[in-house]
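Read through the structures below before going on.
In the two assemblies presented below, chain A is common to both, partnered first by chain B and then by chain C.
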Partner chain A sequence: MEIGPIWRAMWQSKGGYLLIGLQIAVTMAIMVNAFAIMQERASKMGRPSGIDEANTFALASVAFKPDLDYQSLIREDLEMLRNTPGVINAVVTNSFPLRQGGWSEGLHREPGVGKSVSSSAIYFVDEHGLETFGMNLVDGENFTPAQVAWDSDSDDFWPATVIITQALAEDLFPDHEGSYVGNTFWFNDDNPANIVGVVERLQAPWPTWTGVERSMLVPLIRESEFSRYVIRTEPGRRDELMPQIEEMLSASNKERIIRSVETAADARKLAYLGDSSMISILTFVIGLLTAITGLGIVGLASFSVARRKRQIGIRRALGATKTAIVRYFMIENFIVSSIGIVIGAILAVALNIFMVQAFALTPLAWYVIPIAMLILWTVGQVAVAGPARRASNVSPAIATRSS
Partner chain B sequence: MFRYYLKLGTLSIRANPILSALMVAAIAIGIGACMTIMTVRHVMSGNPIEHKNDQLYHVQVDNWNPDDPYDDPDGAPVQVTYLDAKALFDAGRAFRQTTSFKTSRVIQPEGADARPFQEESRATTADFFTMFDVPFLYGSGWDRSADETLEHVIVLSRELNEKLFGGENSVGRTLMINDESFRVTGVVDTWNPVPKYYDVNNNPFEDPAQLFLPFSVAIAGNYDNSGNTSCWKPIPDGTGREGFLASECIWIQMWVELQNESAKQDYMTFLDAYVEEQKLIGRFPRPLNNHLRNPDEWMRYNEVVDDDVDVLLGLAVLFLVVCLLNTIGLLLAKAMRSAKNTSLRRALGASKAELFKQHVIEAGMIGVAGGLFGIVMTWFGLRGIENLYADYDFIQHLVRMDWSMVMLAVALAVVSALGAALYPTWRTCNITPASYLRLQ
Partner chain C sequence: MLKMKNVSKVYRTDTVETHALREFSLTVDEGEFVSVTGPSGSGKTTFLNIAGLLEDLTSGTYELDGRDISKLNDKERSNVRNEKIGFIFQSFNLIPELNIFDNVDVPLRYRGFKADERKRRIEQSIEMVGLGSRLSHLPAQLSGGQQQRVAIARALAGEPRFLLADEPTGNLDTNMADSVLDLLGEINAAGTTIIMVTHELGLADRAKRNIFVRDGQVSDGAPELHLASMAAG
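Let's look at the complex of A and B:
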C-alpha cells in the first residue's frame, strides 16, 4: 500500500490536515456524549408507570361552598363514575404516577422519630384502587371495604394496612427472604403499617425522583374541598367518555367545579417533556454537526485536489490508474479521520467524566464509542468520494502543460 | 486604506463564493446554536429584582430533625413553619417583611350563567407589593392595618381584572371568592418576573398569582397551601388544623427588606436570639443554622437553572469550536489558493502588517455576515425550542431575545471569525515575496 508516501506528502502541509483532524475529534467528543445522554433519557422514558396509561384519565373536583358534606359528595361521585357504561373502575385519590405532584413519607423499621430508613410515595385509595390503576398484585391480597377509612381534616388518622410495591419492600427489608406480607413498618413515631399485599410496579408521581419505584397504597379517603378522581375506561373509550364524565360531574353538583381534566398519556408527555426535548435537540445537533464536518471535508478535499491537479496529472501520465488516484484520496482521508477519531475518543471519555461529575449523568456505555467511530469514518469516506472522483478525472495531458 | 481593504475583501469573497458561503454558514450555525442556549440560560438565570438585590433577604431558620438534616447544601429548610412565620412577622424587626404561600381559590363571578373558576392565588401581607416593586395599574396594595384586622381585601392581576371587569378600574368593587366577599384595593399592571424569585420552591418558571389576598385572612379561613409542604415531626393525632399550624411542617416563604449591611447584621442577631429562645421551649433541636440570602444567592442556592441547560450550553460551545475549526481550515485553503496574489503583493512592497490588516478585515467581514445570519439562526433555534416545549405554557417567556443578546451574537461572531483568521493570516503573512512567482 501507499501509506508511507501518502503520510510523507501529508506531513508537508500538516496544518490543514491537523485542523480537519481536530474538527473530527471535537465532533466525535460531542457525538459520543450526546449519544450517551440520549440513551440515558430514552431508557428513563421507557420505564412503565405501572398503571393502564392508555385508558386512564383524571379530573379534580374543587368545592367552593363552605359546609359541604364532602363524604356524601365523594360517595355520590364514585357511584356515578363506577356505574357509567364504559368505565372499568374509578377511585378517589390524591395523585397518580407521572403527575409530578404528590405526597411522600419517610418510613421507619421501628417506632420513634429518628432517621428514616426509606421513603415512599403515598396514594390514598379504597379497595377499587388496585383495579383502577390496573396493577399486578404479586403477593397477598387487596384491601377489604372494612379496611378503608374516611378522614376529615379534624382527625389525622393513619390506617394500619398498606399495599406496597416490590421495590419498596426490597428497600425496606433488604435482608428479608420469602413473602413480605405480614411485615410491619412505621410511618411516624407511632403509626404502624402492616403489609397486606405487594404489587409488581407502581411508580411515584415524580419521574425524576431516584426512589421513583417506591410507592404504596393506603386505604383512606380524605374528605376535603379538593378530591381527585382517577378513572379507567374500557380500551378505546377514554376520549369519548372524558367530556361526557366532566359534564356529568359538573351538572351533578353546582357547589364545586371540575378542573384539571387530563389523561395519563398527557401527564406522561409533560413529565418527560424535558427528556424528550433533550433527545430531539441532541439528534438535531448531531445531524447538523455531521453535516458541517462532512462539508468541511468536501471543501478541503476539493481545494487539495485543485491544488494538486498537476501532480495528479503527472501520476496519471506515469501510469497510475483512476482507481489508484481515488484510493490515494480515500486513504489520505482515512488517515486523517483515524487520527481525529482516536483523539476524539480520548476527548469524549474526558468530557464524559467531567459531565458525570458536574451534572450527575450516567457514565457512557463503551459501545457508543465504536458506533461513533464507524459513523465518522463513513462520513469522511463519503465526503471525500466526490472530490476523489473528480481528481481521478484529471487528464494525464495536464502534466505536459507548464503550469 | 480601510476602505480599500474592505473592497479587496469583497472581491476575495466574490472570487470564492462557495468557500465564503460555507464559512459564513459554519459561523452562523455555530453562533445560532450557542446563542439559542445562551438566550434561554440568560433568561433563566436573570434577576428581575437586581436593583434591590442588596436589600431583600429570604429567611431560613433550621427547625429540622435532629437525626436527619434537611436535604439541601447547608441543611437549612427552604421554607418556614407557620409558628416562625407568625412570630418573626409579628416581631416586625425588619424595615419591611412579608410571609406568603400559594393557594387556589374559586372565583364566583356575578351573573346567573357565569361559571365559577379557579385561580392560582397568593396569600401574603401588605409589604409584599412595596418590597417587590409590584407595578399597579389601578389603586395599590392594602394597608398594613388590613393584615391585622383580617379585612377581606384583594389585589387582582391585570389579566383577571380584564376577565372580571372588562379592564376598567375595579378598585372598590367586590368579588365573591369561595363564598366570601372581598373588596378590590388594586390591580397589578403586567408583572411577570422570570424567574419567579419570590417563590422558587414552587416552580420558579410559572405565571405569577392572579390574585393576592391577606395572609391572616387565609390562615383564619383555613385556606389550603397549594405549594409544597414538608414535615419531619408527626402532628399529634386528632389535632387537625390547629395541630398543623402548631407543627414543625414548613410551607411558608418569608422575605425581609433590610436597608443596609448593619440592618442585616442586626436582623441576623435577632434571628439567632429568636432561635435560642425557642430552644428553651424544646423547639429547634439542631445547632444554630440561620441564613439570610439575597435574591441572587437564593436563586443560585435553589439551582433555578436546570442542569440540562448547562449541559446543552457546554455542547453548544463545543459545537461552535467545531464550526470555527471548519472555518480555520477553509480560510487556510483560501489563503493558500491566493498565495500567488499575496506573494505578488509582498514583492510589490506590501508590508507584513499591511497584509495582516487586509486579511483581518476580510475575516471581520465574514464574521459580521456570520453573526447577522447567526441571529437569524438563533431566532429559528428559539422557535424550535418553543415548539418542542409547546405543552409547557411558560416556555414563551424563556425564548425571548433581547438587544443585549443580539449584540452578543454579533460580537461573538466577529471575535470568533477574527480568532479563526489568526493562524491562516499568520501563514499568509509569512509567504516570502515573489516565492510563488517563480513558477510562472
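Let's look at the complex of A and C:
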C-alpha cells in the first residue's frame, strides 16, 4: 500500500483536501444526528396502539331530531352492526387510540382533594369493548352486561368497575406486587373504581402524550345526539364493509346523519403526520448532503486529475498499471474520507450529547456511527471512481512531452 | 536485444494523417550506448516513445529481449516498462510533492519490492549519483543538475536493462550537462544499454554509435555526415 507517500504528497497541497474532509465531517455529524431523530420518530410511530388497527374503522352518528330516544337508537345500531356478516364486534365509545381527541381524568390512590397521583385516558365501552378493540386481557375478567351503565346527563357519574392497562396499573401502584385486580382507586376525589381486569396495552388517543400507554375502559354508555361506533371486521373485509355499513345505518334512521367514517389506519397516519413528514424531510436533507459531498469529491478528484495529468503520465511511464493509478486515487480519497469521517464521528457524538441534553432526544444507538461511516466511505469511493478511471487512461507518452 | 523492423507510426485526426515514423528499422545490442539525433519533427521522440512502450506502433515489429511487444496488453507493457526500462526525461519529471526518497521509490513500489529491498536500492542509487544527504529534500529544493541526478537514480534503482534518455541535458548548463553525461558513461560502462535521444551534436559524440533520423526514418549514410550537415544548419 502506498499510504505513506500518498499522505506526504497530499500534505504538500492540503488546502483542497482539508475542505473536502471538513465537508465530510459536517455531513457525517448531521447525517448521524438526523438519523437518530428519524430513528426516534420511526420508533414512536412503530408503537402498537393495542387495537386491531388493520381491521377496525369508526363512524359517527349525529342525530338532529331534538327528542330522539338516543338509548334506543344506540341499541338498534349496535344490534345491526353486531349482526352484520363480516363484523367481529362493534361498540359505542367516545374515542379510540390515535384519534387525537378524547377524555382523560386525574386518578387518586385515596379519596380526597388534591391527591391525584396519576392520570389516564378514558374509553367508555360496554362488555363488547375488549373484543372490538382486539385487546389482550392479561389479568381479571371482562365487564358483565350488568356492570354497564347508561348515563344521559351527568359527567360526574362513574361506574364502580374498570379495566385498566398494565402501564396504568404500574403507575398507580408502583410498589404493588402480584395481581392488580381488586385494587381500588378514585376518580374526581371521591368516586371509587375497582379494577376487574388488566389489559396488556391500549394507547391513549394522543400519541404525543407522555402517558400515552395509560388508559382504561369504563363500562358506561353516554346517551347523546352524538355516538361514535368502532367496528372490527374479519381480516381483509374492512374496506368492503365500510360503505355498506355507512349506507345501512343511514338508511335505518333518517333522523340522524352518518359522518366521520375513518379507519384506524387513517387515524394513525394523521396522528403521526408530523413525525412522518419530519422523517421525509430529514431523509431528503441526508440525501442532499450526501449527494453534495459526493459531488464535492468528484469535483476535487477531477480537478486533481486534471492538475496532475503529467504526473499520472510519469507514473504510467515508470511502470504504474491502470489499476495502480485507480488505486492511487482510491487510497487518496480513502485517506481524506477517513479523516473527515473520524472528525465527523466526534462532532456527531458531541452534537448528540447536546441534543440529548437540550431536546431530550434519545442517545445515539451504537450502530448508527459505523453505518454512517460505511455509507460515507462508499460514497467517497464511488464518487472518486469516475475521475480515477479517467486518470488511468492518461497516456504514459505525456511524460516525454515538453512541460 | 532491441529490434525494430519496418516500424511505422501514424497519428490520425479527422482531417490530417501524420506519419511520424516510416518503415523505421533499428537494432540495438546489449551494452551499447546509442545516440539518436535528427532535426526537430524528425521522429526522435516518437521512436523513444515506441522503444519505451509509451506508445503503440501502427505497423511493423518490435522485439525487446526477443519478446514481440505488439502482442502485450496494457498491464504487460507497464510491467515491461517497470522492469526492463529506465527513463531519463529532459524536464526530469520528478513528482514535485514527493521528496527525493519517495520519488526514487515510485517505480520500486510498482515493482512490488519489499520495504527493506526498496530502501536498500534507493539509498544505493542516490548514493551513486552523489545526493545521499538530500533524501528528504523536495525536488524544488534542488538545482536542475541535482534533479536530473535524482531522475537517473530513479531510473537506475530498478536495475533496468535499458536506459532511455530523452534530451537528458536539455535543461542543464554545460557543467551540469558534462557531469550527467559522465554519469551516463559510467552507467553504460557498468553494462546498461543506453539509447539517448538528443539534438545536441556534442552529446551524440559521447555515444558509441550515432543514429540519424530524418522524416521518420533512419537516414542512410555515415552519421558523421549527417551530424556535420546538422551542424552546418
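Just so we're on the same page, the second predicted complex is superposed on the first by the 395 of 403 C-alpha atoms of A that agree within 3 Å, B and C clash if a C-alpha of one lies under 4 Å from a C-alpha of the other, contacts with A are read in each partner's own complex, and residues count from 1 in each chain.
Rule of thumb we're sticking to: contacts are C-beta pairs under 8 Å (C-beta built on N, C-alpha and C of every residue); 3 or more make two chains touch, one makes a residue touch a chain.
The shown structure was predicted, so the numbers you read here are calculated from the model rather than taken from an experiment.
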item: Contacts of A:14 with chain B and chain C, given as first, second, both or neither; value: neither
item: First (chain B), second (chain C), both or neither touched by A:316; value: second
item: Partner chain(s) touched by A:47 [first = chain B, second = chain C, both, neither]; value: neither
item: Touching partner for A:324 - first (chain B), second (chain C), both, neither; value: second
item: Broader residue contact with chain A after superposition on the shared chain, chain B or chain C; value: B
item: Which superposed partner A:400 touches (first chain B, second chain C, both, neither); value: second
item: Partner chain(s) touched by A:285 [first = chain B, second = chain C, both, neither]; value: first
item: Touched partner set for A:299, first chain B, second chain C, both or neither; value: first
item: Partner chain in contact with A:5 - chain B first, chain C second, else both or neither; value: second
item: Footprint overlap on chain A, where chain B in one structure and chain C in the other make contact; value: 403
item: Residue numbers on chain C that touch chain A, as the complex places them; value: 45, 48-49, 52-55, 74-75, 78-79, 81-83, 87, 89-91, 93, 95-99, 102, 105-107, 109-111, 138, 154, 158, 166
item: Touching residues (chain side chain A, partner chain C) in the complex; value: 2, 4-5, 8-10, 12-13, 310-311, 314-324, 395-397, 399-400, 402-403
item: Interface residues, chain B side, partner chain A - complex; value: 18-19, 22, 26, 29, 33, 65, 67-68, 104, 106, 108, 115-118, 178-179, 222, 224, 232-241, 243, 306-308, 310-312, 314-316, 318-319, 321-323, 325-326, 328-330, 332-333, 336-337, 384-385, 388-389, 391-392, 423, 427, 439-440
item: Footprint of chain B on chain A - complex, ascending; value: 15-16, 19-20, 22-23, 26-27, 29-30, 33-34, 37, 62, 64-66, 106, 113-116, 153-157, 187-191, 224-226, 257, 259, 269-270, 273-274, 276-278, 280-282, 284-285, 288-289, 292-293, 295-296, 299-300, 303-304, 306-307, 351, 355, 358-361, 403
